[in-house]
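The following pair of complexes shares a single chain, chain A, combined with chain B in the former and chain C in the latter.
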Partner chain A sequence: MSTAAHAPASSNPSRRDWRAFFTRHEMLLLYVLIAEWLFFYFAGTSTNRRGVIVGFGTWDRQFDILRHSCEIGLLALALTPVIITAGIDLSVGSLLGLCAILFGKLWHDGGLAIPVAIGLTLGIGALAGALNAILITALRLPPLIVTLGTYSLFRGLAEAITRGSITYTDFPETFLFIGQERWLGLPTQAWVFLMVALAMGLLVHRTTFGRAFRTIGLAPEGARYAGLPVERRLALVYVLAGLIAAIAAIIYTARLGQAKADAGTGYELFAITAVVLGGTSIFGGKGTIVGTLLGVAAIAVLKNGLACLPVVMRLNAAEEMSGLLTGALLLVALTASVLPKILSNLRPRRHTATQSTPPLSP
Partner chain B sequence: MKNYLLRFCVAGAVLLASLVTASAADSKLIVAMLPKSKGNAYFISCKAGADKAAKELGIQLLFDGPTDSNAAKQNEIVENWITLGVDVIAVAAENKEGISTALRKAQKQGIKVLTYDADAMADSRSFFVNQATPQGIGQTLMDEAARLVGGEGEFAMIVGSLTAANQREWQKYVEARLKEKFPKMKLVAVRPCDDLKDKAQSEATALLSANPKLKLIMAICSPGVPGAAEAVKQAGLTGKVKVMGLGLPNENKRYVHAGVTDSVILWNTGDLGYLAIYAGVALAKDELKKGAKSFKAGSLGSFAIEGDNILLGKPFIFNQGNIDQFDF
Partner chain C sequence: MSSPLLALRQLVKNYGGVRALRGVDFDLHPGEVHALLGENGAGKSTLIKIVTGAHAPDGGTITLAGQPVADLTPASARALGIACIYQQPALFPDLTVAENLALRLDSTTAHTRVDWTARRNRATSLLARIGAAISPDTEVSALSMPEQQLVEIACALGSGARIVIMDEPTASLTQKEQHLLYAVVHDLRKNGVGIIYISHRLEEIFALADRVTVLRDGQSVGTHAVGDINEAGLIRLMVGREVAQIYPAAESAPGATVLSLRGLGCTASGVHDVSFDVRAGEIFGLGGLVGAGRTELARILFGLTPADSGQITLTGETLHLRSPQDAVAHGIAYVPEDRRRHGIVLELPIAQNITMAVHRRLFPTTWLRFGAERALALDYIRDLAVKCAGPDAPGSSLSGGNQQKVALSRWLATRPKLLVLDEPTQGVDIGAKSEIHKIIRRLAEEGLAVILISSDLPEVIGMSDRIGVMAHGTLRAILPGGSDPHTVMAAALGTAA
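Showing the complex of A and B:
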């Protein structure tokens, strides 16, 4: 609290920037992530009977975490601009399932080469995103309702196509390489994930598109009066979401070596959780890709780390615990994000009451 | 202030970690058991047997699985167990090909792998603990039917469908046993019920009126047994026409207690879990090797091994005397 005593010092602009940087939501989330990681490193690593170091503190485990979080991470990246525009896309998980089985069908029944099937699947994903986009922008329907509809529609289609029972398997080794092997030191799919993250980062933070997303999220009518092509920008984020869901579908299929209609069930909710945890406002206008990445990492480390704790292992409750703690983490993060505002609302009042000095100018 | 926050977080994490680790030191053999879904009563009853075996053998048993039947989750759990360095993994595969990738990876790391209840690809595991062979099921069904009617008289069968591979297989062995051992019994009709209880009931009603000399109905699909029982009960023939077949204890308890259904046949799931754990531990200790012909599992005695299948052996018969001990 020593810095608080020197409150006037914060009028020094450079110092204020410094403090603002470290109290930003992303930094707080980074602290949480570091704390989580250290905790699991010390509590979740042990030596087994054969004298081998096992558990959280192994490279294998770290790579597994990366591997397991790629699909949900991709969906979270897709949802970040959507949510920044004050929209939502509940259909990405279902679309992942639909794209996975269509990819399997194109390859297995259609006899197409893997690269061609991948290309077509990405096209289908973008088209499905375009369906959302048309309903939302041309008909001005609320995104929540539209994507709730396509959420059922895409999953239903996937189940209808496979009649709920066909599973495509026996993919060639070269394709499984994407999901199960390492390339240049990292799991292969992590490279895809990082590239998409980089592209989305540039789009959201370094282009006029990104600025348009935030403006639309804050005030759609204002954006329209300011001459922004609101419909076209909104359409872009939903088409992108469809495309990225298709990429996630390919990676998912390669990781498991199977394409089934239930692929990605419930993933949309994990992705939304990661985005919101990452500091993106569900009301739109605010949010960063870095925040989303940290949100994904915080959830993934928590989930995988818990499974390494001897106590949790003995209780056989890794699944339940991770659900519970992810929820708690989200609620704590949301509370923490409004806490400074509440505190700063309290402080000036106390100042005026006790010292009767004029409140500090902002 | 934020520096303190960071330091506080780190210190807290490390402190907490040391507390948790203090109670962790354990050098027991670890066997990890994966059900298709862990809330399923069937697998919970498997776990009861597995727990018993774990206690007898003094090992640590991990029992974890998806909360619903989710193939992707199964893979993640197995991959987690690999990095935890467990000694044995026993799996009931939800998806044969999907899980096999993860199991091969486990084998590469020196973890012993076996499957139970539902098999994976043969190269991804050492043994499959096979709960029932079609032959065993067919013979037990026919023997029990003959016992119930004293070895003579007419009986009819209700099957799931006339085309399903496993149903045809079981039917084949029932008929073979009939021909071989029970010349005084006669199979008068085989009717499909499409795995629906209602259909089974109406088919059974039709069978009862068409065959007045019928002494027993055997249903070899699980909705068929309660369906046939309901028909017999409503026709007022309880006790005169016996009902038996393949099914789950819970959906038949009511009819068994009412004396309509005499025997429900399935395997003993507790024994399945027990055997899987014993086999897993024997694998880890190198006491069970490829090519073995039999295997001794604690209090259950010896089991035959056919190729890489450890056979649980004869199916289990649930009746009025024991059905309440089972909950699945």
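Showing the complex of A and C:
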């Protein structure tokens, strides 16, 4: 009897798995990304008067996209586990600014060696994340409100330290190498980004921590009843978010060669957009690191590709267009993800309607 | 006597395969207090839901003052003068008493001026009628539970209710407040209002009611004038049936004491002075009515609401359980009552549900081992005969009984010393129920100490080696397994029958 129950179940899903793989959110996003890239490759590449290829279709431009995606990409990686636990962290962009300033101050005013200053900055980032974590887990305050508070607090601290005017510059060449040069063929910071992506991928998908994040996101009470250490796991995601925001701050400073109090303003919203675009449910329990990477790429390609389009260049409206299209892309992606559910809900309802009508007519 | 205010004939209601009501007759006359009595799950709530229009019956007729009513909805029931006062008053906490009354009583037309004076005057006069000293401008959240109930009653009066249903109205009242309520009931009755009164307090029924109807298994087993029946007679009617099902019997004697509770209490959850021992291989049943404090006791044992008095000893070691992790670490497992919210995570695959409490043992390096997880899940799926498409199927794809088996598997995988089962067969079909019974007995035979909380009287009597009966947050009696159901029910009701 049990074999009879198993046989149809095991033969069917294998075929469904195969179809499900190509229609899952990450794959759809990959198609969008490829389409985007091809469009900009053909529409945004041209040859200038000296016969040199310029625009989107050059290696320089591709590396540029990668270089510019690292900071928002890192924040998106930090936010993925946070959002999987059905939380949110609005403070990462402000923390990036605060960490950039503190790093500059430690090096410039504190006279510390760059590696020491980096180490201390990462520690400060983790501590700032721990502040969020304590408020959220120990005092059980809602993450949205807590991080809205620290969003203002961290930026305010950065402004206060610099009194709104100091900018730290003149960093040594060896430090700027991280943000402005290439190493092993790729922009240096891309290696940091990829390593963090790999680490987060393993954490979220291959360890019991990731399991716990997902379970907490789906059913926080259910997780508690299963004996999972809900508070400690929640604390971990916010501390990690703080740490990664500090890494992003170092890279940001190295790329621009200066540390300013307004570094990373608004980045948290770009990062959240990328995470949600990547298929992570804002209600928690669902999401992948691969999805987040694709979400970051889709936004970055869109933004940079637009700047290469002749029409947009003539209008000088790259910023406006990219904001508009990123928004449209997110809304379309969200609609597409709920559309199959809505359609399948419609169908059976029509069925019951037709079934219930015949008895009425005779 | 006049023609009945309310007459229910052959009322039938099914929920899926569960027959909640199977042909119930019930009459209510003007000026009568008609008590409704029955065990948990006997069909009282279903009956109330049908009369208030919340659920439609699957069969039978409802007649109101001689007029047959079909398609009763909550709104039409209210318009016909049926009001219900629930145990937990359903008022808006942030609005004032007068506003709450207006919301219920005023017609809902937009764009009319609010006549605050009239609202306040009406509230004052309604509250005065029932002798409640409550200002109409008080916010409901500032009122005590009994005061809120009084507001509900005022609301029923204001709507001109002819039929008032009171669902365990005195459950949370002090002695003094109870007497106030009794006075209100007498007043209502004098005004020709018919009252359906639900209560587990037998003395209250004898003091207040004119007639009493006992429900059992969705059927009315008799309507009596309260003068014609005594407490023992009522209990006999409530329990009635023989323990028909066959329960697996214990084959070996229990071993050493595993759990020992002494004077255990928790102020926050209302549990106090609980003392008993559970031995290895023993099934210790916990009987009692809903709200007697059994789940609250289980939550203490699982560290969800830590105890603030008394002592918990597990295999000789005194425990201070501050969190579920503490409980799990010491070998205590708890299969909770609310299976769909707490027992399993519906969206997750069966395998992940089963391994959820053994992460540390199964994945000692924190790296997931999918093969080991699958193997463990398959073991339990086979062992407990979980009917499913495979270990990757989500929990939501399972029937209630199979979800319960998955919830049970999760805790068996922790190899516990003490297993606390809270209503393990609630909402489970008959076949799965007897399978779960066999599993529980087998686990006890293997040397596990089991605490079985059940509101199903035959189950708790049939399964348990000893039965602890709880009432009002404390242990009232410890009875031998297979005790007379009447004795158990009498202890649960807090009477000496």
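Assume the second predicted complex is superposed on the first by the 334 of 362 C-alpha atoms of A that agree within 3 Å, B and C clash if a C-alpha of one lies under 4 Å from a C-alpha of the other, contacts with A are read in each partner's own complex, and residues count from 1 in each chain.
As a convention for this text, a residue touches a chain if its C-beta (ideal position, glycine included) is under 8 Å from a C-beta of that chain, and two chains touch if they have at least 3 such contacts.
Bear in mind that the values here come from a model prediction, so they are computed numbers and not experimental data.
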Fit or clash - chain C, chain B, common chain A: fit
Chain A: partner with more touched residues, chain B or chain C: B
Chain B versus chain C as contact partner of A:308, first or second or both or neither: first
Which superposed partner A:140 touches (first chain B, second chain C, both, neither): neither
Partner chain(s) touched by A:341 [first = chain B, second = chain C, both, neither]: neither
Touching partner for A:60 - first (chain B), second (chain C), both, neither: first
Partner chain(s) touched by A:163 [first = chain B, second = chain C, both, neither]: neither
Computed vertex angle (chain A) for partners chain B and chain C, CA, steps of 10°: 130
Chain B versus chain C as contact partner of A:68, first or second or both or neither: first
After superposition on chain A, the shortest CA separation from chain B to chain C (Å): 25
Touching both chain C and chain B, counted on chain A across the two superposed complexes: 2
Contact footprint of chain C on chain A as seen in their complex: 2, 5-6, 9-10, 13, 206-212, 214-215, 218-219, 221-229, 285
Residues of chain B that touch chain A when the two form their complex: 1-2, 5-6, 9-10, 12-14, 16-18, 20-21, 23-30, 38, 60, 62-64, 66-67, 70-73, 75-77, 79-80, 82-85, 87, 95-98, 100-101, 110
Interfacial residue positions of chain C with respect to chain A in the complex: 302, 304, 324-325, 327-328, 334, 336, 341-348, 352, 356-357, 359-360, 363, 366-368, 385, 387, 389-390, 392-393, 410
Of all residues in chain A, those that touch chain B in their complex: 1-4, 19, 22-23, 27, 31-32, 34-36, 38-43, 46, 48-50, 52, 54-56, 58, 60-61, 64, 68, 167, 169-170, 176, 180, 252, 255-258, 260, 262-263, 265, 304, 307-311, 313-314, 316, 318-320
